[in-house]
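Below you'll find a set of structures to go through.
Here chain A shows up in two complexes: once beside chain B, once beside chain C.
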Partner chain A sequence: MTAVAASYDPAWRGRVGVLLLAAVLLWPALVWTEFKPWEVFDAQSLKSTGRFLRDFVPPRHDPEFLHLMLLQTWRTVAIATDGLVLAFLVAVPLALVSSAQMSISSLSGRMARGPYALRQTARWAAIVLRSIPELVWALLLVRVVGLGPTAGVIAIGITYGGMLGKVYAEILESGEAAGTQALLRNGAGRLQAFFYGTLPQCSTELVGYTVYRWECAIRSSVVLGFVGAGGLGQELDNATKMFAGAEVSAILIIFIALVAIADRMSAWLRKELG
Partner chain B sequence: MNVLAEQVFARARCRACWVYAGLVALVVASFWTLDLKWREFLAPDALVTMARFAGEFFPPQMSAPFLFRTGNALLETLAMSALGTLIAALLGIVVALPASKTSADDPALFKPLARFMLNALRSIPELVWAALLLIAAGLGPFPGTLALALHTTGVLGRLFAESLENATPGPAFALRVRGVSELRVFLYATLPQIWPQVVSYTLYRWENNIRAAAVLGVVGAGGLGQMLSYHLALFQMRETSTVLLAMIILVALVDALSYVARQRLSR
Partner chain C sequence: MGQRPWTLSRRSLHALRARLFLAPQTPPLPPRQRVVTAVLAGRLSQQGLAASLRSLFYPSDIPAARNALAHFDLADKLFERVDRLSSGERQRVGLARALVSGAELLLIDEPLSALDPARAGQAIASLRTAARESGATLITTLHQVEVARASFERIVGLRAGRVMFDLPAAKVSDAMLRELYADHEDELTPDRQGATPGIGASPPVPARMPVATFR
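After this line comes the complex of A and B, so read on.
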């Protein structure tokens, strides 16, 4: 055996064939996305990018600016928190109505038709709420309530309400049904059965998921700022539009730090409340 | 013994109480400090305005040329998400290699640096990347694709790095002791092991990226989002409504497909 034969890959034909096929499939995607990386490197574009990036160092850090940033960071967190509270208020009734464990008619045979229809409606309502991204809601709501945090809070409330509602219902149904059903059979009310039968098994998971979503809401509330919902995102949008590199880099650093802190906080909360 | 257990239990419970009290304080402070305009949102005349606003969306613009344009934007969105995810998967593997300690005698000198880079890429959302890239790459789907690629590189790179570290070192070691080059060790021992995870993570991110690509255009980065913000800015509500419908259908289709795929695969 020579060295050439030893390094021969018996499957090369198949591999090259798959790669070629992928390249052919990829071609339309490159055309559709106007994939022209060389345009980034033409002289004019490089000049403006260079000027923008040179401004990044040092980030702006005068007291007045930092004070404003502190305020806007708090607003970002507050928008996320308020939005999540609103989402929670939307999600709890949706989840309670759509959870099949709360069904009394299904204790004896099939669920009755009326309650079944109601449960499916609640389930679909959650899916529909969640299927429109919060950014689109914010874009539309800014027209109605004007610029400012209200649009952001309601947008997060609607989309996250759907998400939480759907996942809460799934978590509630994944639990052991026996305890809840025993309570219901013995004449407990639905809420009693929920609080003493279902909730104790699922509370850790429910809290964990809610805290995780709070973390997502913080990231999302920054993005919502780009359509005028206030907070860090709006500042970043303004700074980018004015080519203020020093401000952009400062806001990016604050934002990365905020996400990291929220990440830690959420891990800590999940441990503490679990 | 029992008393001690009870004390520990009581203290643990009270810790949770304090945490909950803190959370309530956070919520109260958040509502207190934000200038939320509930009155403007819920007042009767505001509701009338809102109803009129909602009414302007009907009927959606369904003329053939407009539907054709919307369909094009939809394809553009899909292409952006697919290409962005593919680039991210390739870059993700490239960065995941220095970001992981693959064998016991791997010095992993660049691990902290590579991990930091991945974290930075990941913690900036696609939309923010798109807004920044508009400066370098101009308007259109190209900066959108790059934005998706950058954020997703951060996400996938981290996941790939973890798969690399969890791969069994045996096969790679067997090749390495025979003097096979590092590139071949990776291609013939490590990559085949992590391949299933690479594929499933990439598909999962693609699903997310389709949703993200649909709204990315709001800052001017192509696809359905750009059409949406364009027609909304011109107050062409019937056109806006068609684009919204296309978006909802796209998201619903992706959701349904992924649900079916999951059911199939987990059976």
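After this line comes the complex of A and C, so read on.
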């Protein structure tokens, strides 16, 4: 009896139970999402995929096409950069208002009620701005301002403004508070204390995050092109719809190169400013 | 200053703050800031936002900053970054900031904690001169009893949060000091102070220390 008891693993029942539970939970999810990977490999779609992929080589590279791509690449970078500038303008006041570092009333006791409410409002504004993805903003804005880069710039400005505002405020609060508070205690104004105490404390992190977001905005502006916001994305969308494999591959190569360059540039900038 | 800070509105309380200068024991200077900016930050309450932003672009009063630093032998560090300074040098930059502040009351917490005896004497002398020239009151906390007796007019002895004595420096007797430092007499011997200047010589909590004032 004791020998039987010793050869029995008391944990296996639980293990089997978890596996069964996972299967029960995941199976309906697979059914609902109509996940049927074997359809990729049926003869019909293999044939059309094959034709599409064969077109990939060589990528299209005639001067006229390359010139157009150069223009669109430039437009993509411009959408990202302008969008980020707009986001910066939105984020700076949000971060300044929502960060508690520059609170004068909390120097003596608790933060006063008015400033506290204002800080919470700014925090909520940042949450609302960034909770809607830029793709959705772009879709809405294309209806308002029409097809073209303006919709992309505003969409990136809104969503990234919320993101930057939130993260800026967090960076400002995570820094050493003593320097800012010493200035406030000696009678400096909030913005003076910010420029002489908080900013030199956090500048590297702030710049690093902004540059990283610029890189993200470049990727994002390509996606926004699909909903009609112009740039490389729109070209990629057109090429895919027309099954122009050579153009798709050329655009993908340009896209990869662009992101790689942006990545190198942001790494270099962060190192220089660090 | 004839005001009761606890009854003031927030605006006039902040205006009162501009007339005081509180220097913490460890000066809270941003590491990437330049010394000249860190010193001139002592003047923020005397100038408007526009003037202080201009001063970030081009330091508004380089001579004043250099002069304040020269009082503490740091004039050559004017354009260095704060993170290149030792902790003693940082403490002296904090004191130079107090000099340019133009405040009427200087509250300085342990100005000598990171300084060697020679620097400490120089620092106290500079603070006294600056206070006399601007007609400001200087209050510091010190563990260096001899410095307090030699350089300050009035000494307040604190033990466990209570005032043990509050007398002109000349009337503070050795017996009083022995009583103040009962169980911690080793801190009274200059030898020990010389060997471990600064924080090492500070007494255990609750604090026993003379508060020295100079007017």
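Quick note on the criterion: the second predicted complex is superposed on the first by the 253 of 274 C-alpha atoms of A that agree within 3 Å, B and C clash if a C-alpha of one lies under 4 Å from a C-alpha of the other, contacts with A are read in each partner's own complex, and residues count from 1 in each chain.
Everything below uses one rule, namely that contacts are C-beta pairs under 8 Å (C-beta built on N, C-alpha and C of every residue); 3 or more make two chains touch, one makes a residue touch a chain.
Because the structure is predicted, anything quoted here is derived from the model rather than measured.
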Combined model on chain A: chain C and chain B, fit or clash: fit
First (chain B), second (chain C), both or neither touched by A:Ala87: neither
First, second, both or neither for A:Ala95, with chain B first and chain C second: neither
Partner chain in contact with A:Ile158 - chain B first, chain C second, else both or neither: neither
Partner chain(s) touched by A:Ser48 [first = chain B, second = chain C, both, neither]: first
Partner chain in contact with A:Gly197 - chain B first, chain C second, else both or neither: second
Chain B versus chain C as contact partner of A:Ala112, first or second or both or neither: second
Contacts of A:Asn186 with chain B and chain C, given as first, second, both or neither: second
Touched partner set for A:Ile104, first chain B, second chain C, both or neither: second
Which of chain B and chain C A:Val144 touches, first, second, both or neither: first
Partner, of chain C and chain B, that touches more residues belonging to chain A: B
Superposition-derived minimum Cα distance between chain C and chain B (Å): 8
Overlap of chain C and chain B interfaces on chain A (superposed complexes): none
In the complex, chain A residues that touch chain B: 26, 28-30, 32-37, 39-40, 45, 48-49, 52, 74-75, 77-79, 81-82, 85, 127, 131-133, 135-136, 139-140, 143-146, 148-150, 153-154, 219-220, 222-223, 226-227, 233, 236-237, 240, 243, 248, 252, 255-256, 259-260, 269, 272-273
Contacting residues of chain C [partner chain A, same complex]: 10, 13-22, 24, 26-33, 37, 41-42, 44-45, 49, 52-53, 56, 101, 103
Chain A residues touching chain C - in the complex, by the definition given at the top: 104-105, 108, 112, 176, 178-179, 181-189, 191-193, 195-197, 200-201, 203-204
Contacting residues of chain B [partner chain A, same complex]: 15-16, 19-20, 23, 26-27, 29-31, 33-38, 40-41, 46, 49-50, 53, 75-76, 79-80, 82-83, 86, 119-120, 123-125, 127-128, 131-132, 134-138, 140-142, 144-145, 211, 214-215, 218-219, 222, 228-229, 232, 244, 247-248, 251-252, 255
